[in-house]
Amino acid sequence: MARIGVFICHCGENISATVDCPKVSEVAAKFPGVVYSIDYKYMCSDPGQSMVVNAIKEHKLTGVVVSACSPRMHEPTFRRACAEAGLNPYLCEMANIREHCSWVHEKGDKTDQKAIDVVRMMVEKVKRNNALMSIKVPVTKTALVIGGGVAGIQAALDIANAGHKVIMVERDPSIGGHMSQLSETFPTLDCSQCILTPRMVEVAQNPNIKLYTYAEVESVEGFVGNFTVKIRKKAKSVDETVCNGCGLCTTKCPNKKIPNEFELGMGKRPAIYVPFPQAVPNIPVIDKINCTYYKTGKCKICEKVCQAKAIRFDQEDEIIEVAVGAIAICTGFDVKKTDFFPEYGYGKYKDIIDGLQFERMASASGPTSGEMRRPSDGQTPKKIVFVACAGSRDPAKGIEYCSKICCMYTAKHAMLYKHKVHDGTAYVFYMDIRAAGKNYDEFTRRGIEEDGAKYIRGRVSKIYERDGKLIVVGADTLMNAETVEIEADMVVLATAGVANPGAEELAQKLHVSYDQHKFFSEAHPKLKPVETNTAGIYLAGACQAPKDIPESVAAASGVAGKISCLFANNELTREPLIAFVDRTAPPEYSSCTGCFLCQPVCPYNAIEREDVKDRNGNLIKQLAYINPGLCQGCGTCVAVCKSKSIDIDGYTNSQMYYEVDALLNS
Amino acid sequence: MQKIKLGYYPGCSLEGSSREYNESVQAIAEKLGIELVSIPDWNCCGATAAHNLNKELSLSLPARNLALAEEAGLKELVVPCAACYSRFTTTQHELMHDETMHQKVNGIIGKEYKGNLRILNVIQFIEEFIIDKLDDNIKFEFNKKVACYYGCLLVRPNKILNFDRTEDPQTMDVVMKKLGADSIDWAYKTECCGAGFSVSFTEAVGRLSGKIVEDADHRGAEALIVACPMCHSNLDMRRPEIDKYNGKKLNIPVLYITQAIGLALGIDRNILGLQRHFVTVKLNDFKPFAKKIEVENLQITEEI
Amino acid sequence: MSESHNHLVDNSLSGKIKKETGVSVARCYQCGKCSAGCPVSVDMDYPPSLLIRKLQTGLPEHEEQVLRSKSIWFCLSCEMCIARCPMEVDIPPMMDYLRHESIRLKKVNPASKNIISFHKAFLDSIEQTGKLYEMGLIVDYKTRSFNLMQDVMLAPSMFAKGKLSILPEVIKNRRNMKQIFKNTLKNKQK
Amino acid sequence: MEEIKKIAKELLAENKVQLIVGFEKGSANKVRPAFFTKPEEIDQLIYNEYCIHNIALYLKKDICQKANNLAIIANPNVVRSILQLASENQIAEEKIKIIGISFEGKCVGLLDFKAAEEFSKTQPKGIKPEDKALIEKIQAMPLEERFNYWVEAFSPCIKCYACRASCPMCYCGKCNVETNNPQWIPVAPHKYGNLEWHMMRAMHLAGRCINCGECNRSCPVNIPLNILSYMLSDFILDEFDSEAGMNAVFTPALSVYTSVDKENFIK
């Protein structure tokens, strides 16, 4: 006979201001099977927990319902308390009368009744709970870092320095990410390459880090502590173990007119190339789409000039399978191109460039060797206009959020321009200057006060070209919203920071959630800023939202800390709330018909085929089997099984039925 | 050739100050075997005046015409005047999205508009019923450099009209290219000419239209191509104000797109009403049409 | 923003605008893109963004300035503002509403009388004939606006080019037309 | 006819199969399913226009399960059933020989699965013109009316489960409806209980039903169950480009998800 205890929490006033807790407790005491019911101001407090512990012992409770907040919040607290009192923790359930009741309803009888119903349902459920044992799983102490930008580099180095193995996967031929494209960095104006390249080299040299460049994550299976990851190593057509990075092939390649991705189309590169001089690894790749040999079957000049005999035209993509215990997503962001604004010419004007292109132009290693030269004719722009919020804070044509980094980099751009073109004029159209951060506001002030950037508060309405000039039409809202027209030589649009094009696909491979802008979502915006909702997968850097370098690095170190904590244990404890296929006596063995329609539906690939054999080893039947190590208890297989042969511990068919029954028959 | 029958709403201007627009639409329609049936007993759409002064009036005047057209069993309605087109489309949109207003307006006009009419502006009319017939009927190549001017009402508000790209529309350019013209890229395609002030505030018209004419001329266009009687009368008749604003005399003529098509089809200039223009249309020396001109069909939906 | 705020009572002019036209001036963050693109902002006493700013404060003196402004009458309804507004604040219907209110409350800016005279003359013509009688309109407008000399040079040449007819075109169902005006414009003015 | 007999006789005579599932003459003018194990019995085998029943049903019955190998006289509905059963691991290719017959009654000889797939694609869908008219009528109804239509349509159901018994895809050893702890679906026939049963059946068949129409034929109270299944199949074909009974390797739409699945039903 069930002996259930019900504990109603006031949650200060969070619940009690709306729900009549003493009344709920009084009614609950009369539910069949309930032997003890009480309400208290803070159940989660020490005295509150003691009430639970004491009641279990005193009233020999066989089940506990704590009617309080969301199980996400305090289920572990109360299950621990039950365990302390000798009750199996899985015989404790939470009835959520805060989020599901007091926070969403007005005070009144109906609300009280709902709270009572919620409690009744959980009482009926807990009567049918089974004592469960938690599952222990081993931890593979290797981390996978996806993305080799500054966040990925930082995370990898920190984890490696903590003594754990790291596998880094980078999509491009070199690590470095967007930071390697930048000229100088705010607010100190130190050279981006100068501070980044030592860390890139460290990654290459650290014995704990295995680096795969020109590679992508193909698939991820498994769960925290035990992921199996397939990595596609794209064919570089160059044997990395043999190539010595002399670079002769890249200088001899006859096909040198390919738009350079690293220079954002402003420079050219050969078909066999290293993206930039400081690349790590310093090993070229052949761009198969543009290579003359791959197109026509003739050329092979690189192979002829290569002293190390490293060229491999027949190299194929390789799939590498690795086992890792944790994954850090550091895939970064992208900027919108200049072609999405109809009123700015849909990208048809050559001299309108985006912020990243300006970085390359300002960079000493860039296509103009750091000189300001506009793309159309190579002239030095004497008048330059920077347009902030190009696509940001623009629900109509762009994105509604603030891209956060543009105010700072636009101030930096105006300064860099003035440092290079002393007699030039730099205008900045802005809406607000968002420069919160250590030394940030001082930096933008410096741009205005010392370097003379002319800031105009207003948004640009239209840009058109006339007689080789770009006519920028805006308004000055600090001056009676008067129209301002500037005949500029070049325009830089601080285009919105957006999610990486492949982000959605990667999120689906990893089973992590993402927001409407395709940025990865953290588990909690305040308290779990670097975790995802999938245990063992973490986030750092601008893949989460636009972030600047200090923030990305800080988040990366945070992730490294989290992963190091995870790797500090040899075993992980997992909740035993997993699915299982029923078993019955022969000749049925199970009600499972072996149709295996549950197999494709399982997001964790946890469903296997099990052979039932007789004593002579003859196959009698094939049944579904759910691997308890892989099952995450999502219940999708339960829903798809027509013969109801699958059940899930903690949420059994019977538990669900009596919950609904309790509600309908109240 | 099977005759196509379409509903037609000329509007007041096309019967008065812009009668050459009406003449040219009718001329090309007739040439290509299309019959335009006017709405019986149609009235003025109310133009800017009505919606400036009274919302219900501004919806009722077009609604009466729409209801009459429906009564006459018309399915498509060609509305060459961009202003009328804008009022009609806006009215249809408002009535279909606001049931209370719909009922109210039905009460005011004493008729019921069900909303089954497809309203076409002149360019949509050309795209749907004319353009495919051009290759077989063109006699002369319109070998001129032209600036296609769309103005406001053909493309805005995009949410209601849902026609072409708001900032850089292409449909007229495509038609002109098909006629053999070189249509230029310029800055004032969709800027306002000041239509609503054509009588009441002519200085503003001089300034707004002045910029349009000057930019087209500056970029070497030999003609401005329009599809709206307001635009035409401002750009053509208001030349004294325009020239005053620019401080120079500009002789670039302004043609309705239907006149341009008419010329290419070899229709007489006077039938197209070219003699009615204030700025003399000197364009002649057209080359005989030799071969089909392939024009890339642009994706013209706004991609946001 | 959300329905939960629907119970808030807003008696300001911006509140009425929202109620009548659905346009929320609170969405405007004063970027000025409308003013920059507006073809007649130079003619206005308050360019569009500034006009909205005055509505945003909700101060009586600012609302008064709005209703008495020239701006609302200079607006050409060319829709450029809404085509470019990043926050999709639909200014043209708001301008229509402000014009109606300005007339209703007898606050029309004297400098805008030409524009209103023209509109009224235009509508008179329609009420009488069902169609626009351009010749009559010009005469009517001139007498209303006292701009007797304006365009005297234009009319004869228009006439010569067949662009102006002396007699009005009249629709058959004139009673229907009168009815429409009686139920709308005339109804409001009384 | 003679060709069918010839093939059947050979199969048994050469010991290629232990059992042949087909039809024999029943009482009066009727036909009934029959199981042949000896060549001489084949004289009893018939196939005529009355042999429309979907005898694929028997493949999951003991008599067929116990046979090491068998052959079946298969019209397109039976062929499609076999392919669908195969895709659900219920029958192996090496165990079954298909004697294919078109809807017009033309024997197309022995079919392996690949040939069966081709055959299945060339055969028309088993939907009658009068059914089409009813579907159109139902689709034109507003949602509420449509719901009421079905509630009324199911109301005469006496829960005899003939639909289930005649359906080759209803092969679960223990049907949900017979689970009594807990009992989600009531046994007694009443309006909403009937609705529950038929909705469950429709959902379990969605994307799997091969539209043989057997459920409708067997229903003693003439509920248009085939229409319901057909509408679901049609919808799934439209939305997911997926069709049951066409391939031996196949996953029904409701058992798969891809990143490009439409989510327009989430409101």
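A, B, C and D label the chains in the order they appear, each numbered from 1.
Here is the rule we use: a residue touches a chain if its C-beta (ideal position, glycine included) is under 8 Å from a C-beta of that chain, and two chains touch if they have at least 3 such contacts.
In this text the structure is predicted, and so the values were computed from the model without any measurement.
Q: Which chains sit in contact with both members of the pair subunit A and subunit D?
A: Chains touching both subunit A and subunit D: none.
Q: Is the C-beta contact count larger for A-B or for B-C?
A: B-C
Q: Can you give the whole-Å distance between the Cα centres of subunit A and subunit C?
A: The answer is 51 Å.
Q: What's the distance between the Cα centroids of subunit B and subunit C, rounded to whole Å?
A: 23
Q: In whole angstrom, how far does the Cα centroid of subunit B sit from the Cα centroid of subunit D?
A: Computed from C-alpha means, the inter-chain centre distance equals 61 Å.
Q: For subunit B, jot down the residues that touch at least 2 other chains.
A: Residue numbers touching two or more other chains: 166-167.
Q: What are the residues of subunit A that contact at least two other chains?
A: Correct list: 343, 396-397, 462.
Q: According to the definition already given, which pairs of chains are in contact?
A: A-B, A-C, A-D, B-C
Q: Report the residues of subunit A in contact with subunit B in the complex, numbered from low to high.
A: 340, 342-343, 345-346, 348, 396-397, 462, 464-466, 471
Q: Show me the residue ranges of subunit B that touch subunit A in the complex, using the header's touch definition.
A: Contacts found on subunit B: 165-168, 185, 187, 215, 218, 302-304.
Q: Quick check: in the complex, which residue numbers of subunit C touch subunit B?
A: Residues 39-40, 43, 73-74, 76-80, 82-83, 90, 92, 96-97, 99-100, 103, 114-120, 122-123, 125-126, 130-132, 134, 137-138, 141, 145, 150-151, 154, 157-158, 161-165, 169, 171-173, 176-177, 179-181, 183-185, 188.
Q: Which stretch or stretches of subunit A touch subunit D in the complex?
A: Residue list for subunit A touching subunit D: 504-505, 508, 588, 591, 593-598, 600-601, 622, 640, 642-644, 653-654, 657-658, 661.
Q: State the interface residues of subunit A toward subunit C in the complex, per the touch definition above.
A: 343, 389, 393-398, 431, 457-462, 473-477, 480-484
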